[in-house]
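Both complexes below contain chain A, partnered by chain B and then by chain C.
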Partner chain A sequence: MKSLLFAECFKLFRQSKTYYAVASLLIIEGIILISAYFEGTNIINILLDNLRKTFYLKGNLLNGNLLQYLVLNTLWFHLPLIIMIVVSGMLTAEYKDKTVQTIFLQPVRKWKWILSKYIIAVGFTAFIVGLLFITSYWLCNVFFGKGDLVVYLDGLSFFSAKDASNRIQWAFLAGTISMVFFAVSSLTIAVILKDVTKTWIVCALFLIICNVLLKIDLGTDWLNQFSFFKLNDTWQYFFQYDIPYSRIWLNWLISLFYIITIASVGIIIFQKRDIG
Partner chain B sequence: MISGINISKQYLGIKVLNDVSIHCQSGQICGLLGANGAGKTTLFKILLGLVTPDSGNIIVEAASKKRIGGIIEKPALYEYLSALDNLRIFASIQQLPTNRTTLEKYLLRVGLPLNRKDPVANFSMGMKQRLGIAIALLNNPSCLILDEPFTGLDPMGVVSLRSLIRQLTQEFQLAVFLSSHILEDLNQLCSRLYVLQNGKLIRQGNTQAIMLECTQQYIITAKNLRQSNMLHQWEHQLQGDTLKIHIQPTQVPDFLSALALEKIEITSCIPQPDLLLLFEGGKE
Partner chain C sequence: MRNFFLSFWLLISSSNIFSQGVDESLIKMRQRIDSVNSFQVNLQLETDISFVNMPVKRAVMQWEKGKPVQFTSKDFILLPKKGLDFSLSSLFEYPFVTLVRGITTQQGQTIKEMNVIPADRRADFSIATLWINTSLRRVESAEISTNKDGIYFLQMHYRLPTDFFPDRVEVKFEIEKIKIPLNFMGKGTRVDKEKMKADGMKSGKIFLNMSDYIIRKIGG
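So, the complex of A and B:
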């Protein structure tokens, strides 16, 4: 298994498309930061317009913490999309180039090989989200400095700089779990479809549906609690004044259940199918 | 030794292989001949374990963990990696040593240069075929299956690959199966031949015997063919120095002797197997 993991990692980081994906994410992050700087001023002005009439607000609210929070808010389409393209490509490229045949002409177990792809997909996703966290933390704090965070979720909440930084770190962790869900789903879609273009289209459709359904009230508490697309909002709980830890842990457990189930389905399908 | 016994396979109700049995001994090269769509690749995929047959058995006598090595259609390699890195990947996934010296030995075994560090995407088809064979031979399989190995090669590449296949078969006592629809390739390499048509085995046996059985025409080239008087007794076509003649294989020695007696300077005599007879058993 160790050698399979090494091989997958080696292949992933020897392909130029991986670096294109990382570079495009960093470019998008830069663009978001620049636009967030200007949008951030407007948002703060709108949010605090009434408060300024009653209260005296001291300090710079357009700071690194707010920008990092805005970056977090804007990551939920292009980040999973790029991760899904790279991760599904780990398998569809093998089908396209027929290297999957060469692999299974060696004494390699099918389930071990595909499992190693799932493990590397999870690792790569964590690496990407970690990279975005580090770069956004560094860029936001170097260029905009630290400060208290103001967010609007059902109402205005203010967090001290230290508390805000802590909440942002947890939110990135929650985001990682959501991204892993999308990465694992894209690999299972690739197992089913095999074809590069079809996989991309279905991955994009899946992502769009998840994002649309995330914002729709499904009518019953049960569906709102347990549907996988609703779990992608878990990171927002870290910006409620009192963090609902029990709800977050439950969401993470359910997400983990979905991730393991979807990966297992992919492994079973791959194991049962002929390679040729 | 490798045997496929009574192998059948159908896709969407269409029988692509119908009760096919083939066999190849260690140190022997066997050919599989058939037109496009005859079922050659499917049969090889089944022998290699990439496709499950609907019925039939595959028996391979092998001491190694990897029983069969092979290439299907064309060598499928990681085009963005160098030859050495390709070998490293395929060696590492089967827990073989991946140190540089060992990997370079594999490259030398198939006659690949050690100084190419660029991605295999830049390699010629001949070099890719050689690298594909090096990968197929990792872990010392006792059988080698090569599906259309000469496709896309220039004449020099074909000659060189033929010689490599011959050499490896002898050196490692491999049982080698190779497919092609080019008769010349199979005729030169294979001691035994199987002919597939629409998923059914229509001929099998000694390659030379099958070729002779299906040969009723020869092309003879000679400088002064027009001076021959005995030619008129035969059905023939003469164009410049080239003679196309309908003749039975058993009559060839006498025919050539007669031409020689007439002082005709023969430079070549090439049998022309009847493709319809060979590929389709003579059916229209």
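So, the complex of A and C:
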């Protein structure tokens, strides 16, 4: 298993498309950061418009924490798209190049081989989110400095710089779990469809549907709590003034259930299906 | 004939108002405050507004006679437009008249309620009501109707009877609530502010706790 993991890791970082993906994510991050900086002043003006009538406001709210929060807001659509392309490509490329047939000429267990792909997909996703966290943290704090964060979630919430920084870190962790869900889903879609283009189209469709359904109220608390597309907003809970930890833990457990189920479905299908 | 008597009565009553000039209690209170040249105090701000969540903030406030109040803080702070000027000097910046509304006794202290009416258009308030403790020569509470920023109600709390300045001030005000879509931030959503203001006015409070006053008196 260890050698399989090493081989998958080697293949992933050997292929040029992984670096294209990383570079494109960093470019997207840079663009989001620049637009957030220019949009930030306008956002603060709208948020604080009515407070200005009653209060003098002292201090800088257009700081690294606000920009990192704005990056978080816009990142969760672009990031899974690119992760899904790279992760599904880990399998579809093997089908396309017919290397999958070569591999199974050797004594390799099918379930172990596909499981190693799932594990590397999870690791790669965590690595990408971690990289984005470090780069955004560095860029935002070095260029724009630390300061209090203002967020609008059913009211205006102000967080001290340290508290905001902690919440952003937890939000990235929550985002990682959502991204792992998409990565695992894309690999299972690749197992089912095999074809590169078809997999990409279905992955994009899956992501769009998840994003659209995220904003729809399903009418009952039960559906809103347990629907997988609703879980992708868990990171926002860290910006409620009183963090609902029990709700977050429950969401994470449900997400973990979905991730394991989807990966298991992929492994079972791959195990049962003939190579070719 | 009826209109003549009404006009005559209005003329008489208005001349009564202006003939009062400035009440003696207010002059004594101002004389007491005028003996202070400057002060510095540590400030702790607690916000109580239904749609604003804010942790307790700290700042240092410095006041010097004839100069605007200065604040220094590492945090982002909301400072009420009225209520931090304990000397109430902004009320007395331009000529004004006072009208005594009544005298009551509270906990053995004589409290005089009076209106301060600006006699100059440059004043930023239309009317203020002060409740002055005549024996201790200090303001217990005040209601200020500003021209642009709504109405503020200030309740002062003092630690000692001899204290010049309060150690706790409660500032009550009215504030407009704005609803902003959940996905607004970072999504570039256009906001119809007028539509969102339909929720109307909300009242809010801010509590100012002062500690470690450093007061410099004239000639001190």
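To be clear about the criterion, the second predicted complex is superposed on the first by the 276 of 276 C-alpha atoms of A that agree within 3 Å, B and C clash if a C-alpha of one lies under 4 Å from a C-alpha of the other, contacts with A are read in each partner's own complex, and residues count from 1 in each chain.
The rule we apply is simple: contacts are C-beta pairs under 8 Å (C-beta built on N, C-alpha and C of every residue); 3 or more make two chains touch, one makes a residue touch a chain.
Fair warning: this is a prediction, and the values are worked out from it, not measured in the lab.
Engineer: Between chain B (first) and chain C (second), which, if any, makes contact with A:W222: first, second, both or neither?
Structural biologist: It touches nothing on chain B or chain C.
Engineer: Should A:T74 be classified as contacting the first partner (chain B), the second (chain C), both, or neither?
Structural biologist: So A:T74 only meets chain C here.
Engineer: Among the partners chain B and chain C, which is in contact with a greater number of residues of chain A?
Structural biologist: Touching more residues of chain A than the other partner does is C.
Engineer: Give one of first, second, both or neither to describe whether A:A7 is in contact with chain B, with chain C, with both, or with none.
Structural biologist: first
Engineer: Considering only the contact definition stated at the top, list the common interface residues of chain A for chain B and chain C.
Structural biologist: Touching chain B and chain C on chain A: no residues.
Engineer: Provide the residue numbers of chain A that touch chain B in the complex, in ascending order.
Structural biologist: So the residues of chain A touching chain B come out as 3-4, 6-7, 10-11, 14-16, 97-108, 113, 274-276.
Engineer: In the complex, go through chain B and note every residue touching chain A.
Structural biologist: For this pair, the touching residues of chain B are 42, 45, 48-52, 65-66, 68-81, 85, 88-90, 92-95, 132, 135-136, 138-139.
Engineer: Could you please specify the touching residues of chain A with respect to chain C in the complex?
Structural biologist: Residues in contact with chain C: 32, 36, 39, 43, 46-47, 49-51, 53-61, 69-71, 73-74, 147-148, 150-160, 163, 215, 241.
Engineer: Mind pulling up the chain C residues that touch chain A in the complex?
Structural biologist: 50-55, 59, 71, 73, 75-81, 148-150, 173-178, 180, 182-188, 191, 193, 197, 204
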